[in-house]
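Shared between the two complexes below is subunit A, which has subunit B as its partner in the first and subunit C in the second.
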Partner chain A sequence: MTHTIHMTAGLLLITSIAAAQPSGKEILDRIDQNMSAESRYVKSKMIIHGPRTSRTIESETWAAGESAFTEYLAPARERGTKMLKLEDQLWIFSPATDRTIQLSGHLLRQSVMGSDLSYEDMMEDPDLASKYDAVVTGSETVDDRECWIVEMHAKTEDVAYQKRKLWVDRQRFIPLKEELYAKSGQLLKKTELSDIQQHGSRWYPGRIVYKDMLKTGSGTEFIVDEISFDVEIPEYLLSKAALR
Partner chain B sequence: MIAFKLAYRNLVGAGLRTFLIVFVLSVSYVLIIFMNGLYRGWEREGKFEMIRWEVGQGQYWQENYDPYDPVTLTDAHAPLPASFERATENGSAAAILVTQATVYPEGRMLGIMLKGISAGQEVLAIPTDLLIPKDNEIPAVIGTRFAQNANLAEGDHILVRWRDVNGTFDATELTISGIFNSSVPAVDNSQVWISLDRLQQMTGMPGEATILVIGEDAVLPAEVAGWEFQGHDVLFAELDQMIKTKSIGGSVFYLILLALALLAVFDTQVLSIFRRQREIGTYISMGMTRRQVVGLFTVEGAMHAVLALLLGAIYGIPLLLYVGSKGLGMPEGTDSFGMAAAQRIMPYYSLALVIGTVVLVIIATTIVSYMPSRKIAKMNPTEAIRGKIQ
Partner chain C sequence: MLRFYLKGLFRDRSRSLLPIIVVTIGVTLVVLANSWVTGVLEDMVVFNARFATGHVKIMSRSYFENRSQQPNDLALIGTSALMASLKSEYPEMQWVERIQFGGLVDVPDENGETRTQGPGGGMAVDLLSDESREIERLNLEKSLVKGRIPQTPFEIILSDQFAGKLEVEPGDTVTLISSTMYGAMSITNFTVSGTIKFGTAALDRGGMVADISGIRQALDMTDATGEILGYFPSGEYDDVEAASFAAAFNEKYSNPQDEFSPVMATLREQSNMSGFLDLIDYFKGIIVTIFVVVMSIVLWNSGLLGGLRRYGEMGLRMAIGEEKGHIYRSLIIESVFIGLAGSVIGTLFGLFFSSLMARGIDISGMMQNSTMMMQGVMKAKITPAAYYLGFFPGLIATVLGTVLAGIGIYKRQTAQLFKELQA
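Take a look at the complex of A and B:
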């Protein structure tokens, strides 16, 4: 009798856990709800930790869909540099040379101002749910928050990373850690998200640390000073006219 | 003949002045021949090395390939046509697949061109026998310049990251199996060579290539659908342009020297005609025509060039032959222009160059000698004998 009660209790527990555990797709949809927006404005600092010194670059970004416009505010050397991304094309305006150049080929693989991010990383489409099949493989605690471990495998072959691994906050549905893998299984990049803040109905990280795992260095910190979602962006800002 | 005898006597009589003019003119001869010989030597060696290391006897480019537009690289690959495959199999051609990648030597990030080439091919001098895989390693060869930039040595392992045909990132480790020393930067600077089969497998492009380099024995159709033949005229165009630019820049130096010498000849002629009016008057009164007297003075001026030729030959021939046999060391970093440049350039003096230079200097000297002499034709012989200034 006791045995039967234990069995029933166990089954109930498993069922309730299974019911509480959302599917991978649900998690990705909830992440996209938090992280994606029709448009956004971000004022941020990028702190690049080099082998000897660190540099801080301040910028403002306006983004809508697959287009984004960034203007660098500091340091003085980078002030006035503008970057425009329109779908899969990227232009940079440098005030020092008074020239606009389109980045392609090798240049897209270069790091953005010495950071752990390459220009082509910035070109990646952030929409996860449409590109990946996700499976919850376990749970783990990250920064004292209970997280689902979500493994994502690309639905098609034409995505940059065939495999990604996310540690997603169980309550807020925001990733706290992400690992990006090459097809061969080699870990390429690691991202840590922290200082999670609430903006209306969504949660968004205030600090993101990117680390190129093939490069030496302590990674690049991205600190959000100001952010607003679904803002009105003037049309000219997302056109080549804004570069001048 | 009398004109030559008189001219010689007058020139020798002028002593130091003649010697100085003749010396500067002789330096012009030697410099013109040396500089042009140097550029021709550079061109010959550059082309020889490019044939050996990079261009072979011509190349077929996949129709989307444009070496000046890296964006085209993503689509610049196609399966090798049957005729190309036969040529690569019998060793008369070498197929190359080109893709962009990133390597991480000592944790630094460097953008490179990852090139796959038929292992064991003999069309190009790249040591592709070192690309035959051993154990589970992927052997790679690089040039000395890139080895120095990336601080890599033989036996080192290096992480490489690339995107496959679908744009997906992949990464693996390469083993540097050899470092070659080539005077052609295009096969060395930021270039990593691995076996073609391996790169085709890594990028998901089986049987595909970007370039086919043909060797001497290759028999291939002139037109192949989807591929464009590039002959030496196209493949050497950059080197030709570079040498032409350098040659024009270099010519300024010896042209200034030549101009100074010609100016001196011109001045000497003007002074002679002014000081030797009585002599001119006497020649005319003794029955020489004005044209003969103009000829006499023109020959006298042009003799500077002949004497300069003799003087130049005395020190120039041994000097040029010595430099021609030993070669001239190129300054450090010459090849950083991206052009083929051997460490020592052997100047090449062709007969046409020597004859052309001699003719150029003699004609130029004759013209500047003739110009002031034309005044003689307008002289009144009576006034000239009196020594009256005209």
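Take a look at the complex of A and C:
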């Protein structure tokens, strides 16, 4: 009798845990609700901690859907450099040379301004649910927050990272940590998201630290100074006309 | 007595002609092979020293470890102070700063959009200072195909083949898309001042040369440089001197705990040059050994044939009382004359053919896809060793062959001699 009671209690516990645990797909949808928006404006600082020195690069970005326009504000060497992403194409305007260069092929894997981010990273569609299948593999505490561990596998070959592992805040559904892997299983990058702030109904990180595991240096801090969601973006800003 | 032997050799040509021809051919080949290999390998060393390694090279410790990638993010910083120290502490050496860089060369159309582009690798050297000898060292003036040497920081020379592929002419603007030493993308315009033929397939495919001040600005390398190359005043590489020089420098300046501290490497320690330098030394030993062994076997056989032909003569000489040892010694003395004659003639022929090959053989057509830093023209070089390298082995091989062949004399039985003669 006692044995039956124990078994029933165990089954009930498992069932209740399973009910409380959302599926991988549900978690990705909730993350997308936080991180994706129709349009947004971000003023940010990128602090690149190189092996010998740290540099700070300031920029403003307007993004809508799969298009984004970035203008670099500082330092002086980079001021006026503009970057335009239209779907899967990327152009850079260099004011010193008065040239607009389209980046393609291996150039997209180059680092952005010497940071731990590549142009390919910047071109990635933030919408995770459409690109990856996800499974919840466990739970762990990160920065005193209970997190789901979610493993994501790419649905198609045309993504920069075939496998990703996320530690997602159980309450706010925002990743606090991420590992990005190559198809071979090699760990390529790590990110840590912190200073999570509420913007209306969504949660968004105020600071992201990227670490390219194949590079020396202490990583790149991405600090959001100003962010607005669902803003009006003039049409010319997301066209090649904005580059000059 | 010596005149007697010489007369014998001159009068009986069948006794001397074949061995002399054999020795002459062998010695000629040894001298020629030595001059050719020495010339080709030394040219490669000199070429690499001028273009890539210097006689000694200073880099940061981590740059040295990853030198095959030419990582400018690991470049030396504060090089004006280091250069000043080097010039005051080692005034006899010639010190030059260089930056190796790579990138995409993009050619704009009339609207500033990309018309053509191609990957290239370049070298930034001091082209503008009055005291710089880099133009002469890299033989740039003579290698120009079109245009002129850069006269401003933002002018560039492209390999003629690369310029042809990009369809650019002197005066056209090209954009170099590269990485700064901090890893950021660098986009800089350069005016093509001229085109050049490097004479090596790897460089002719996509090589460029620009002034170091322009490349420093392009790659954000203020007061930084990838490499500092040092050249001995004689222009010749001396491995022993370079090694002691590097040891002294590293003792003073290099800190194994600091990956960015400078470290000096000798030419031998870079770009697999040690293999080439060792090869030059080993090769001489190898060809001499092979020559002595092969020639001894050939001349042994020739001596055996001669012994058979002179079977009767030997028998008669023994029958009339000449000692076996005396006959044996006389054969060896004859072989010394033959060896001397063959070696002298062979050395002369070898030097003659080497001097013809010193003008060079153009192999650039065979190296279209080569990635090695090799010159397209291979030349022989006559060194002092060429005058004696074939001479002594020629002599030794002839004597050794006779020593082996002549042993048969001791197997003849005096009791049988008259029977043999009657027969």
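Rule of thumb we're sticking to: the second predicted complex is superposed on the first by the 237 of 244 C-alpha atoms of A that agree within 3 Å, B and C clash if a C-alpha of one lies under 4 Å from a C-alpha of the other, contacts with A are read in each partner's own complex, and residues count from 1 in each chain.
In the analysis below, contacts are C-beta pairs under 8 Å (C-beta built on N, C-alpha and C of every residue); 3 or more make two chains touch, one makes a residue touch a chain.
Here the structure is a predicted model, which is why all the values come from computation and not from measurement.
Student: Quick check on the subunit A-based superposition: subunit B and subunit C, clash or fit?
Tutor: When both complexes are placed onto subunit A, subunit B and subunit C end up clashing with one another.
Student: Quick check on the superposed pair: does A:V159 touch subunit B, subunit C, both, or neither? Answer first, second, both or neither.
Tutor: first
Student: Report for A:S201: first if it touches subunit B alone, second if subunit C alone, otherwise both or neither.
Tutor: Neither partner.
Student: Counting only touches as set out at the top, which of subunit B and subunit C does A:S111 meet: first, second, both, neither?
Tutor: Both subunit B and subunit C are touched by A:S111.
Student: Touch test for A:L188: subunit B only (first), subunit C only (second), both, or neither?
Tutor: Only subunit B; A:L188 stays clear of subunit C.
Student: Scan A:L214 for contacts with subunit B and subunit C and give back first, second, both or neither.
Tutor: A:L214 contacts subunit B only, not subunit C.
Student: In the superposed model, where does subunit B crash into subunit C, at 95-103, 221-229 or 329-337?
Tutor: It is 329-337.
Student: By the touch definition above, which subunit A residues appear in both interfaces, subunit B in one complex and subunit C in the other?
Tutor: 107, 110-111, 215
Student: Would you mind writing out the residues of subunit A in touch with subunit C in their complex?
Tutor: So the residues of subunit A touching subunit C come out as 48, 50-53, 55, 77-78, 92, 94, 96-102, 107, 110-115, 215.
Student: Which residues of subunit C touch subunit A in the complex?
Tutor: Within the complex, subunit C touches subunit A at residues 73-74, 77, 104, 106, 108, 112-114, 175, 177, 179-180, 182-185, 187-189, 220, 259-260.
Student: Which positions of subunit B touch subunit A when the two form their complex?
Tutor: 69-71, 73, 100, 102, 104, 106-109, 111, 159, 161, 163-164, 166-172
Student: Touching subunit B in the complex: which residues of subunit A?
Tutor: So the residues of subunit A touching subunit B come out as 104-107, 109-111, 118, 154, 156-162, 180, 182-184, 186, 188, 212, 214-217.
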